[in-house]
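Below you'll find a set of structures to go through.
After this come two complexes, each holding subunit A, first together with subunit B and then together with subunit C.
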Partner chain A sequence: MAKDDSTVRCFQGLLIFENVIIGMCGIALTAECIFFVSNQHSLYPLLEATDNDDIYGAAWIGMFVGICFFCLSVLGIAGIMKSNRKLLLVIFASLTGVCMDPTDTARSYTGQRRDSENLIIRLFLLRYFLLMFIVYGFEVASCITAATQRDFFTPNLFLKQMLERYQNNTPPNNDDQWKNNGVTKTWDRLMLQDNCCGVNGPSDWQKYTSAFRTENNDADYPWPRQCCVMNNLKEPLNLEACKLGVPGYYHNQGCYELISGPMNRHAWGVAWFGFAILCWTFWVLLGTMFYWSRIEY
Partner chain B sequence: MPPLWVLLALGCLRLGSGVNLQPQLASVTFATSNTLTTVALEKPLCMFDSPAALHGTYEVYLYVLVNSVAPYSAIDTWPGRRSGGMIVIASILGSLPFFLLIGFAGAIVLSLVDVGSADGETAHDSQITQEAIPKSLGTSEPSYTSVNRGPPLDRAKVYASKLQD
Partner chain C sequence: MSPSPPRRAAGDLVVLLSLFSLPAPAPERISYAPQLSSATLAGRLTQPTFTLEQPRGQFSHLNVADFDTIWLVLAHSHATQSFTAPQRVEDTPVPANLPQRGYYPGNELRVLRVANDTRCSPMTRGCHHPLPGPGPYRVKFLVVRDRGPMAETEWSSETHLQQAEALQAAPGPHSAGTVVIVAILSVLLAVVLTTLLTPLIYTCYDTCGSTSISGPGELACMRRYNTHHMFSPSAEGGS
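Then we have the complex of A and B:
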């Protein structure tokens, strides 16, 4: 008898601990997704222009899923503790600072126990399962989306988009104009701030045709002015040397690493952390389902 | 010199018919590690077939044309192959919800089976519990839901002994 009680108590404590972990991980997932969505590196226009912005969608889903996991873990803890009156009592007493006489509490609580209470607890946990399944499905979708979309981030993707849209002032419609503006502003900021030029290097502007090339002739603008080394006044240090390609007066390295680095971290962060949470939640749900099936009614 | 063919045109002056000048590079270092289209030339000394003397300063434009530009629409943006991490995530996460549903179905079956098999004993068990507990005040026995499925006879013995106390 005592051994059974302690086993049950141990199992309940384990389930409560696991639900606490889920709650904390949910908060962490929400915080991580808010960090990504708030667009720290302002690279979103590049993805928007290629219609490849699903990693942001995955981050949005992850944000709400994190909050839902936290709320559901509280629900799960409440459901398990409802079936353990003493534990509930101890928590309540410690929270309110009230010192209660154990004999009084035993009389007031245990005398009111009915078998139908078990049924209520079972329905409570059933509701918990239903909501958990829904949230679980959304998080699976978010993780798979983030992991799949990350594979599309190749240098050629950004190269083609840059050549097509950078300083393209003759778009066919407003949507393209919006995208062109976004791409132009992002590349200008990227090249000025991070001292790089093009995706693979300034030779991108030479090897391929581009919208930039149709607007600017090759002699004056072999590559954009933002590729030149700037002085403190944001003017080229030596314009002629930059145009000629004298080493030291223009930026020779490409910007691809600076684009793909944050995006990969974004995608892997959402995908793998979500994966870890889902693996943990899987076992918690199995344990809670087993506990649920053993409640009499 | 990199293998590009150079068309040298002198702008701002009419091109003479007998011009076949070869430009000389200012320095070899200017030709390497740059793009294909920038060269630095020595100050050219031009000969023209017109005997008229030139007074003042003139601008000379040099156009170097390379005939090997690819259209950007020819760039292939297909990623090629899927990464291993993506396959792991998709396959494992795709199968976990099914295992969850199977586990849930199993839990339902388990609870129904237990209800079916332990009907009489359960009623007996809970009845004893309800009668005994109001009288066992003052004990520090924990009050759980009846999760244990111990044999009812043992519980009857335990509570009977408590009643006698």
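Then we have the complex of A and C:
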């Protein structure tokens, strides 16, 4: 190499450090996406029914991208480190597919060996760069998907779906029936477990027309029974008081915070952490390409 | 009918009076208008029902006996002018209801939920079916004895019931964060792609563009690349 050795070593050290960071971030991204996809809060049926479940697709992509980043960072470190020439040459040869003359390894360190070695390293780094670029592209897709999907998480989205699907027993086709069942079960579980009612409150059932209203008359069911405060036997404490809306006998807070809180945080994590990794990887790739271009052969 | 001439015996007077069917006197007007419940109830006004304060203490100055009934008359606002208190129980043109003395626990709430009875059909008398339309409605109370109504309150003010509307949900605009992410990532991806393609194209062009090797002597057309066979003859020669 024409450069001063210490500068080269410094540059190599910097690239190795950057690749270490990428490896660790890849592992962290994988862990975060696994946590998201494992559906801790069982809110997937709500998103699936709105046809807005691409956030899970973004999380799946993020999971595999994280693993790929880790593997590629290991490769990158191996490509830049020059501690064990023999091992390194074998690794480079296997990765680049270049056939090595066995007699080369027996020779002492000479100029021509350095040239072929440099060529192998160049090819290796090019392959590394190409693979990194592919993974980079996937992660860009995942980030953009997570960011745009997060914008869809508004109260009206869940309200519209709840009004259309909750306790809707006359759907046009089987797919809708399945979605309606999922939505109904999820809302029933949410309202019973988290002591909430509707998206903004029980008034949702009064202000807007809904499938629930066509199935149940208003005088008996101003809002679902799950909105009533229950006793130990899972029955309303006082049904008449609940129907009338006496404070203390029904839940008057909405469930929106409980739905959107976890979703927003996860989507924020996938989108912005992925964005941070990509910004960092961008400089690593530029540095690697600069290093590649300075290897003379 | 004209009253009979007064007689000395009061008892006879009473008997005589009872022989004639006198018209019932006009009901006494009580200056009280039924009001919507003031308690903070979420179900105070729903689509088919509404909730009134119970008229406690309003009829205490009348001698309301146990067998007297207090009726709630419910009518559309435009029909209140033509309403007359029916003289007999059988003549009720407007569905009436026996008030339910509901006692709701917690804070001694005494309210009256109107049009609560879902088992009641619109044709049945004596009960309130849930109201079909949003109103406006007015109510008044009637104290009725067997002879007919003896007292009535004022008409309440108009009550409009809840009306449900269809939800108009439009997707919102994208947030600033999304725009930042999309813009910056697009630029970064474009730069990385350019960084990848430029050396590739350069390398490919350079390899394809170089002249073919015509012989070992023509080294000027090749790139600077040392091969093994150039050195081994000298090594053999030098040994």
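Keep in mind that, in the parts below, the second predicted complex is superposed on the first by the 261 of 297 C-alpha atoms of A that agree within 3 Å, B and C clash if a C-alpha of one lies under 4 Å from a C-alpha of the other, contacts with A are read in each partner's own complex, and residues count from 1 in each chain.
We adopt the following convention: contacts are C-beta pairs under 8 Å (C-beta built on N, C-alpha and C of every residue); 3 or more make two chains touch, one makes a residue touch a chain.
For clarity, every value in this text was computed on a predicted model and none was experimentally measured.
Visitor: When the two structures are superposed on subunit A, do subunit B and subunit C clash or fit side by side?
Guide: clash
Visitor: Would you sort A:Asp220 into first (subunit B), second (subunit C), both or neither based on which partner it touches?
Guide: Only subunit C is touched by A:Asp220; subunit B is not.
Visitor: Considering only the touch criterion stated at the top, classify A:Lys243 as touching first (subunit B), second (subunit C), both, or neither.
Guide: In the superposition, A:Lys243 contacts both subunit B and subunit C.
Visitor: Is A:Thr209 touching the first partner subunit B, the second partner subunit C, both, or neither of them?
Guide: both
Visitor: Of subunit B and subunit C, which one touches more residues of subunit A?
Guide: Ranking subunit B and subunit C by residues of subunit A touched puts B first.
Visitor: Per the contact definition in the header, classify A:Gly137: touching subunit B only (first), subunit C only (second), both, or neither.
Guide: both
Visitor: Contacts for A:Arg9 in the overlay, against subunit B (first) and subunit C (second): which applies, first, second, both or neither?
Guide: first
Visitor: Looking at the overlay, does A:Asp151 come into contact with subunit B only (first), subunit C only (second), both, or neither?
Guide: In the superposition, A:Asp151 contacts both subunit B and subunit C.
Visitor: Give one of first, second, both or neither to describe whether A:Ile295 is in contact with subunit B, with subunit C, with both, or with none.
Guide: So A:Ile295 only meets subunit B here.
Visitor: Counting contacts the way the document defines them, which residues of subunit A are shared by the two interfaces, the one with subunit B and the one with subunit C?
Guide: Touching subunit B in the first complex and subunit C in the second, residues 111, 115, 129, 133, 136-137, 140, 143-144, 147-148, 150-152, 154, 156-157, 159-160, 163, 202-203, 206-210, 218-219, 222, 243-247, 252, 271-272, 275, 278-279, 282, 285-286, 289, 292-293, 297 of subunit A appear in both lists.
Visitor: For subunit B, which residues are in contact with subunit A within the complex?
Guide: That would be residues 30, 33-38, 40, 63, 69-73, 75-77, 79-80, 82-83, 85-86, 89-90, 92-94, 96-97, 99-101, 103-104, 106-108, 110-111, 114-115, 122, 126, 130, 133-134, 137-140, 142-150, 154-155, 158 of subunit B.
Visitor: Can you name the residues of subunit A that touch subunit C in the complex?
Guide: 111-112, 115, 126, 129-130, 133, 136-137, 140, 143-144, 147-148, 150-152, 154, 156-157, 159-160, 163, 202-203, 206-210, 213, 217-220, 222, 238, 240-241, 243-250, 252, 271-272, 275, 278-279, 282, 285-286, 289, 292-293, 297
Visitor: Applying the document's contact rule, which stretches of subunit A touch subunit B when the two form their complex?
Guide: Against subunit B, the touching part of subunit A is residues 1, 4-5, 8-9, 83-86, 102-103, 106-107, 109-111, 113, 115, 117-118, 121, 129, 133, 136-137, 140, 143-144, 147-148, 150-154, 156-157, 159-160, 163-164, 202-203, 206-210, 218-219, 222, 243-247, 252, 268, 271-272, 275, 278-279, 282, 285-286, 289-297.
Visitor: Give every residue of subunit C touching subunit A within the complex, in rising order.
Guide: 39-44, 46-49, 51, 102, 104-107, 109, 111, 113, 115-118, 130, 162, 164-167, 169-175, 177-178, 181-182, 184-186, 188-189, 191-193, 195-196, 199-200, 225-228, 231
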